[in-house]
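What follows is subunit A paired twice: with subunit B in the first complex and subunit C in the second.
== the complex of A and B ==
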């Protein structure tokens, strides 16, 4: 536990040191980055230790605020989320130091570095807090520090808007959490989570508590329709912040839901099914939204909605299976979901960081202005391609390993469960198969349009390759993705205690439910290795053959079209057009405005396309506008005169006193 | 490992490596015969491969290393998927619960690489083919999952070798209608995944209407040999699955198993040839309907099992 506290202290110290060193930006960046990297390394040790041993670390310190206690505990569930935070924190911070180099002279850099280190510290605190007040305090501090990080480029109106959307969403979500913990704390007579867990929520209806948690934490997790802030905030933030937000901050929402589940009585089937449906809706909606985006980082943000959806669906499967009395299936699904938490943190971290390097080199996030970047930034290109393959759940990467586990869990359910439950599992499996097919479309689109072919703009043509300071940290992440894909057994052994804690099962039983196929030297890794070996052998054969027979270079075959130009390449919009216009539901289709060329000698033509998010256009947009309209009517009361305002205060006070007197009279 | 088992493994690998290029030859021969022509020799693809391997390659100036990833990963994925397919009268070389998801994952990896290789040339037509390929694949994959799910549910087994193994005859006896629906859907998916009529026309000469062929327009020499070989192996994988399903497990020992498998593969290739002779390619907008139809058919089969 002392290592964890040291990590927190180091992060806080680094944060304020960086603020103090604002006048010497180079040193400030070095101090903040050094503190973050060292703290993450320190924090990783106890987290992995807890998972390896299956025990828990506990610490209580005296704390002054009323009703609160500084009670920390790293149990397996917390450690399962701390590991990706610290593991991703190291490469993200190192990349950040490179990414911030052009900003060295900027005002506000010290504050940004301070907010970054504090952000990591508050995230670590959220996972370990064992007291509801402490948890909420850390939660709010996390929201505020990440808001500051998102608004780093606040000169741009778009970024200010993104920051505002994020802040409002966070606070609305937090309101539900306050309600939830007030209810639970009142029942338990204490805000300590141990006390709340001891009474199992008391007289609070489990459905109410679950719903409050689902809304409050679901905002952070990006569950539909509360995902609105994600595609706004992720592209606005600097890339290493997007990586940590997408990899870990979003998972804090999932962690919150799971933590509340462990506090309440074992959830009924309905709760599991609700999670499953929400997850599937998020997965399908998120990936369809990703298909239409022209902004590289926005597309990645939409894919975060998809991945959180996938793992939420797996958690829903786990809870339903447990309620239906098949613990082996529940264990497998929970293990798969937690494994996906790790995998997504690594692969999405890699994707955001390499996208950051691409954006850094081309000065644009617009896919249609990229192209041909592999030839110019080969290292970054290869890493981005690896991230795309992992996110499309392809072997040999880690995304495939966790998705394989989720599919296997659903297959078992579909084969063995009777009646409706079996049919539900089969339908969920079909939906997830569709999601993985669409993910392949989305990521071939990103990688193909951004990296391959001819450059589509002058910026892309003149892009320069960054040095190893940029891609070094990414290489480590890519290797981690590959390692978890080839040897999932080691990670599953570590995660088994966390899944066991969630489902009240012994870790050995959870691990056994995954079957022998995923273990080291099991059949699954052997199949993936055979694939790698075959690919390597064929590649060597091909190279030898080309060396012996020679290679000629020529133009791409233009199908009879003689004046090839980069402008005839298939664009990002056209790549996904067939699916979006013919198969996507009308709600999710992009709005296109086309002015076709007319006449015998065609004149100018126009094509405009805008992606719409039904949650924004149909739900929250009208809702917020209607609310604003109502409140505008109250504006008449606010005249701006001081004496009137004082009168209002007096009247309110008198009314409250009268109310109290009336209530206590009889 | 006993000598017997080693021999059997050797036979399975040999079949997987050597046999696939024969299938397109049978398809072409059937099509020619139906049209009243003599047709190319049965071993035409072997000759083509031998010729391509001896050639040098012409590479586009736009293309980079990813361009070669397509043929290599495509062929490696198909071959690795072949390891998961049950052999003649025996389980697959690699068999474990949930191996069907590894099979689809390997095929998806091959498709991913082929699509990127097509985009690497910067050609408008290849980009178009690539977009169509992934779009249709995203619909074919769920349907394929449901098909395999039906087989799993009917037999109570979780691995391909188990599903298409000794438990299959009993499942046919009990669930014949559902398995028949599933076999039909699987056949449609085999046509779609292997870019055959009615989804894609492998012999068309108009780039605008192609899907799979247009993606590999720029490949030549050893690269193109790998593309053709990978496609043949993929056809073999689907053919072997369907043959096992239709023939109810194809015998017990090696010899009857091998005969059964060969007969089943020949029947499959003949059926593909007959479909290609009797139908035209569907309009592009109809293809999703065909794929979704196959998915609905197999989902219906699943409902029959759950009922």
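== the complex of A and C ==
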């Protein structure tokens, strides 16, 4: 525990040191990055230790504020989320130091660095807090520091809007959390989570508590329809911040839901099914939205919605399987979900960081202005491709390992569960299979349009490769992705206590349910190796053919035209157009305006397309507009006269005192 | 001792009436300063014998320095700088505000006993004095036009809160007391800035002119 406290202290110290050194930006970046990297390394040790031993670390410090206590505990569930935070924190901070280099002279850099270190510290505190008030305080501090990070480029109106959307979403979510913990705390007579867990929520209806947690934490997790802030905030933030936000901050929402589940009585099937349905909706909606985005980082943010959906669906499967009395299946699904938490943190971190390097080189996030980057940025391009492969769940990367486990769990459920439950599992399996296919399409689109073909703009043509300071941290992440994909057994063994804690099962039983995947050299790596061998064989065959027949070089998509132009290439929009405008459900279809070419010698033609998010256009947009209209009617009360405004306060106060006096007078 | 405390409470309420009725800012500032100094006596008078002497002394001394000396000095300075000396045309006239103040004091003394106070009463007049002073302060803030008078109203309001805080001072942590004083200081500071800005922008301290800024 002392190592964890040291990490917190180091992050806080680094934050304020960076703020103090604002006048010397180079030193400030070095100090903040050094503190973050060292703290993450320090924090990783106790987290892994807890997972390896299956025990828990506990710490209570005297603390002054009313109702609160400084009570920390790293139990396996917390450690399962601390590990990706600290593991991703190191490469993200190192990459950040490189990414911020052009901003060195900028005003507000010190504050940004301070907010970044504090953000990591508050995230670590959220996972370890064992007192509801401390948890809420850390949660709010996390929301505010990340808001400051998102609005770093606040000169741009778009970024300010994104920051605002994020802040409003966070605060609305937090309101539900306050209600939740007030209810639970009142029942338990204390805000300590141990006390709350001891009474199992008391007289609070579990469905109410679960619903409040689902909304409050679901906002951060990006569960539909509360995912609106993700596609806004992730592109706006600097890339290393989006990596940590997408990799870990979003998981803090999932962690919150799981933590509340452990506080309540064992959840009924309905809770699990609700999670499963929300997860599937998020996965399908997120990946369909990702297919339509022109903005590289926005597409990645939509894919985060998809991945959180997948792991939420797996958690839903685990909870329902447990309620239906099949612990082995529940264990497997929970293990797979937690494993996906780790994998997604690493691969989405890699994707955002490499996208950041690409954006840094081309000065644009617009896919339609990229292209041909593979030849210009070979290292970054290869790493981005690796991230895309991992995200579309291709072996040998880690995305495949966890999604394969999730599919196994659902398949086992579909085969073994009786009646409706089996049917549900089969339907969920089908939906997830569709999601996987769409994900492969979405990431082929991202990688293909950005990296292959000919440059679509002058910026892309003149992009220059960044040095090892940029791709070094990415390489480490890619290797970690590869290692988890090839040897999932070690990670699964570490995660078993966390899954066991979630389901009240002994870790050994959870591991047994995962079966051969856990054993090194089991079926999973063998399948992966077979896949790799197949790929290698195909490549060798291609080379032989090339050698035999010779090879001519021409422009991509030249198609034998005499004057090929980069404009004849597939664009990002045309690549996904067929799917989006025919197969996608009507709600998710983009709005397109087409003026087709007419006549024998075609004149000018136009094609415009805008992706619409049904949650925004159908639900929150109208809702907020209606609310704003109502509140505008109250404008008349604002007279602008100070005395009158103060009179309102006076009247309210007097009314309250009178009420108090009347109620207490018998 | 108790009779002495009673005298102090009565004086505090009398000063409330005086501030409500006076149009000359200088006299009002002096009265509020006197009220602050009187309040500084209260922690000494009300402290249970066995309790932390240092704590009580610090509280009393802090109140005297901030309420009795520091802030009145600042206000006089602001008054000279902005060259205002009278509150003309208050929103509520002097006689009606006196009547309202009297009504408030009456109600406060009538009902203070019925309020559910979580701690044992230190003195029968304490809650009533506190409520009437808070009421006077609010009345001043609402009914006066000049920024300086509004600051005065705010000070009187804080004095009332301070009296109420004495009820809790046995177990109120240090931090909260420091917070009260700091809060007051910050408020006066902000109001000072506002005063100068109003003065510079509109060449007057009439807060009514602020409505020109309304959107």
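Assume the second predicted complex is superposed on the first by the 623 of 666 C-alpha atoms of A that agree within 3 Å, B and C clash if a C-alpha of one lies under 4 Å from a C-alpha of the other, contacts with A are read in each partner's own complex, and residues count from 1 in each chain.
The criterion applied here is as follows: contacts are C-beta pairs under 8 Å (C-beta built on N, C-alpha and C of every residue); 3 or more make two chains touch, one makes a residue touch a chain.
In this text the structure is predicted, and so the values were computed from the model without any measurement.
S.K.: Output check: A:551 vs subunit B and subunit C. Expected answer is one of first, second, both, neither. What do you get?
M.R.: The first partner, subunit B, only.
S.K.: Give the label of whichever partner, subunit B or subunit C, reaches more residues of subunit A.
M.R.: B
S.K.: Of the partners subunit B and subunit C, which touch A:64 in the superposed model: first, second, both, neither?
M.R.: Second partner only.
S.K.: Touching A:643 in the superposition: subunit B (first), subunit C (second), both, neither?
M.R.: second
S.K.: For A:659 in the superposed arrangement: first (subunit B), second (subunit C), both or neither?
M.R.: neither
S.K.: Of the partners subunit B and subunit C, which touch A:583 in the superposed model: first, second, both, neither?
M.R.: Touch partner of A:583: subunit B, not subunit C.
S.K.: Name, in rising order, each residue of subunit A that touches subunit C in their complex.
M.R.: 64, 638-643, 646-647, 649-650, 653, 657, 660-661, 664-665
S.K.: Which residues, counting only subunit A, touch subunit B once they are in their complex?
M.R.: 371-372, 374-375, 385, 389, 392-395, 400, 403-404, 407-408, 411-412, 414-415, 418-419, 422-423, 426-427, 429-431, 433-434, 436-438, 440-441, 443-444, 447-449, 451-454, 515-517, 522-524, 526-528, 530-531, 534-535, 538-539, 541-542, 545-546, 549-559, 561, 564, 566, 568-570, 574-579, 582-583
S.K.: So in the complex, the part of subunit B that touches subunit A is made up of which residues?
M.R.: 53-66, 68, 71-73, 75-77, 79-80, 83-84, 94-102, 104-106, 108-109, 111-112, 115-116, 119-128, 130-132, 134-135, 137-142, 144-146, 149, 152-153, 156, 158, 207, 217-218, 221-223, 226, 284-285, 288, 295, 299, 302-303, 306
S.K.: Enumerate the contact residues on subunit C facing subunit A in the complex.
M.R.: The touching residues are 91, 111, 114-116, 131, 138-139, 141-145, 150, 173, 175, 207-208, 210-214.
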